[in-house]
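First the structure, then my questions, so here it is.
In this document, chain identifiers A, B and C correspond to the written order of the chains, with residue numbering beginning at 1 in each.
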Amino acid sequence: MKKVLSLAIAAALVAPVAAMADATIYGKVRQSLDVVSDERSSASEVDNIQINNRTSRLGVKGSEDLGNGLTAVYKIEYGVNISTNPGGNEFSGDGSLGARNAFVGLAGGFGTVVLGRHDTPLKISTGSLDYFGDTAVDNNLNYTESLVDRRADGTLAYISPSLGGVTLAAALVPGENNEADGLADAYSLAAMYSNAGIFASLAYEGADGNIDAIGVDGADLDQFRAGFGYDGGMFKVGVIFENVTVENPAGGDLQDSDSVMVNGAIKAGPGMVAVKIFDYADDASDANDHDGFGVGYHYGLSKRTQVMANYVGSSFDNRDGDVSIFSLQVNHNF
Amino acid sequence: MKKVLSLAIAAALVAPVAAMADATIYGKVRQSLDVVSDERSSASEVDNIQINNRTSRLGVKGSEDLGNGLTAVYKIEYGVNISTNPGGNEFSGDGSLGARNAFVGLAGGFGTVVLGRHDTPLKISTGSLDYFGDTAVDNNLNYTESLVDRRADGTLAYISPSLGGVTLAAALVPGENNEADGLADAYSLAAMYSNAGIFASLAYEGADGNIDAIGVDGADLDQFRAGFGYDGGMFKVGVIFENVTVENPAGGDLQDSDSVMVNGAIKAGPGMVAVKIFDYADDASDANDHDGFGVGYHYGLSKRTQVMANYVGSSFDNRDGDVSIFSLQVNHNF
Amino acid sequence: MKKVLSLAIAAALVAPVAAMADATIYGKVRQSLDVVSDERSSASEVDNIQINNRTSRLGVKGSEDLGNGLTAVYKIEYGVNISTNPGGNEFSGDGSLGARNAFVGLAGGFGTVVLGRHDTPLKISTGSLDYFGDTAVDNNLNYTESLVDRRADGTLAYISPSLGGVTLAAALVPGENNEADGLADAYSLAAMYSNAGIFASLAYEGADGNIDAIGVDGADLDQFRAGFGYDGGMFKVGVIFENVTVENPAGGDLQDSDSVMVNGAIKAGPGMVAVKIFDYADDASDANDHDGFGVGYHYGLSKRTQVMANYVGSSFDNRDGDVSIFSLQVNHNF
């Protein structure tokens, strides 16, 4: 048989068995059924039941031992858009994918270097501190802590080995504008400490006006984030603080916001009860200032399958009204 | 090595072996070479040879035994657009995906409940009765029975266990409009009976004007479908009847159509000869009324690989002319 | 458990184990960090650092032994768009996929026939002769040899068995315009000889005005390509020549270009040093005439993982200036 097959066609027939040893398909499917009340704008009040996607995803990842302590790593991950009702039509399915991390890199005693699309270190630095991640109470929603998490589409990123519990991460993002653009028009830095149940992080993300990080031409970005966590076994606590400054190229600031979140969780059988309080205030424009709280019961049917009930209420002093969501969610990881 | 890798990067290296036990990649590649004559509009008569996609698809699915008779199920499936020539350019490949079923759910003695994107029960109710599915003679093409099959992008769906051969299915679809929208702005119900080679189904799908199921604002939908099948081993017969009413918000009906299809198949060696007759008539607007027949020989090179020759002819009384297609098709399932 | 699950839902639970034996996930992740100087237009000179995607891809492929010397083959491959910065925003990830080969076919003593999306034989005929494929010095870039490689979205393609080292390939592409379009509005033919380290190929690709192969309505295409290669173990040489004529429907030619490339590579430890020279000249319009050279060191960390340093310089006599790129690249195949 082999003789009759040539070139490109042959490639379809010959599966490089050894080469495939470590390609892993993985993903998360997360759907929620939500009772939503959003009265921020009296002209378009929302008072309905929704089925929502909670960051479902699908990916392929793997690594190769290159010898001499060196490892090649790769990942290609996409967001899976389910229950997103494109064009407002509940029967028009969304076949599009969302961009998520996709990179190739090398790991060794020096740490790990990757090239491609990746979460910034600032985003990574507090990833484990929100016990409501990928739910209706996730801390990057515009009615919760409003954290600004970024993923750079093309970045050179580095993460150090853990040295006495300390890990350092840095990512450089070229602006790729025509003239004289360098490798670090935007950059993100994080230091993380993890030891004996204690986690602490400090991170900074900056962008000059030559790179479009904020959606405003020529606006400089300064973003600071600090995180703290304690895991005591039966309970855990997570705290995130963020300050974002976006300078107005015409003078003054477009944004000068402080965000804070404190959440905690207590084990309860195979599940946990989690609570969260959050506050967002912007000194440059107070239209979106809000604070509120969340509470949830997260029940593990297994390590991979979870059902959850979450509630979030958020008060907007300078809008027509508030936001509240009661959400039943099913998660499966594979 | 493990020590040097942290957080997001580490996720790329650690393949959760046990967790992957049941993630299954599957798909169908279905391509046909068609001689097409479509004279419905004399201004744009079609008389050519085409290579067409016949609902190729690619997916990941799996399940997890949760103990106590409970199972988690998931699926992420996409349509694969091959030979679709975007923009009419045969050399501009189509990298887009089509939305297909994608959900997470729980199965147990009570049946199966899923949340996400799924075919409606009405669509499922006659899925096995068309022996020309995913071919040029498929019963949901606009020149065949013109069945209206829907997939809800965000639905809460239930399917019962088989009780004495009877299975019940229901799907609720929230409209997600701003104000006072509930969980069941559209819904779909089906009862199916399967026993000793006999299959019978009744289904209803309805939508109120608050949900965009038809592409017409404010139009109510009532859709009834009945199916019957008999599988006698060497031969089988399938019958589908459908009535669709779309109320005109301005009064009267936009559509009041009856569709009927009868098809049968006789085993012939490793393949089968299949024939089909169909009729579509709309009392509200007779412009698309048509009837016709199909015939095909479907030859299994294996359980997974098939070659087919199909013909369909359809007569349109109130159009400039008719449709006829001769189609050679190759199918491979994996 | 099985009893409680029906129809579409059941499909998610039952993984056809045997059927999955040969479905292979594979891919390439290729990213480069480039110092780019492009002075072709003084109004929009490029002088920056970029992170670029070098044809990353992800696919599923497999085959099935049908007995009697017959094999079913399939492939579904997509381009993975990383570091492409949609809309010029480095933080707006690109979730779209690029179309690559996707087909179903049958292979046997007669050769292989496929239906679907596939590289044309002309493209395949010189695929192995460019030692800078999928890099910043790839021979189909507009500043290198400017080879015109096409992939037909819907084609009937054939490749013969190797007969005394000779392989023949043909692809027919229907235009699918409404009236009287046949199966071969465009077609591509290639003859390839491979024996004892020597490779030689001749190919022709033609399109009549009824099919959109060039982006100009009604323009006929004639494309000739010849390739030659010699692999002496420690070194290898590849040569590609191409002539493209695009007739102007209004008279004369829109394009009458000659492209030539010569490259060579010498093994150097686990890597190789490769050099390339190229020239492109268009008798119909000399605005894009250019010539130049490339040089690279390609180091294999393993059979699947590579790091590369490449340089390319290209001179444009009739433009404002030239192009030069220095590129560091990481490749991983899985």
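One rule holds for everything that comes next: contacts are C-beta pairs under 8 Å (C-beta built on N, C-alpha and C of every residue); 3 or more make two chains touch, one makes a residue touch a chain.
Please read all numbers here as calculations on a predicted model, not as lab measurements.
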Between copies subunit A and subunit B, are the contact residues mostly the same numbers or mostly different, with half as the line? different
Rotating subunit B onto its identical copy subunit C by a Cα superposition takes an angle, to the nearest 5 degrees, of 120
Please compute the C-alpha centroid of subunit A, do the same for subunit B, then give the distance between them in whole Å. 35
Each of the following residues of subunit C touches two or more other chains, namely 22, 25, 62, 74, 96-97, 103, 105
Touching residues of subunit B toward subunit C in the complex: what are they? 22, 24-27, 29-33, 44-52, 56, 58, 61-63, 69, 71, 73-75, 80, 82-86, 88-97, 101, 103, 105, 107-112, 114, 118-119, 124, 127-128, 159-162, 167, 169, 192, 301-305, 307, 330-334
Show me the residue ranges of subunit C that touch subunit B in the complex, using the header's touch definition. 1, 3-9, 11-13, 15-16, 19-20, 22-23, 25, 60, 62, 64, 66-67, 70, 72, 74, 76, 78-79, 96-100, 102-106, 115-117, 150-156, 173-183, 185-186, 211-213, 215
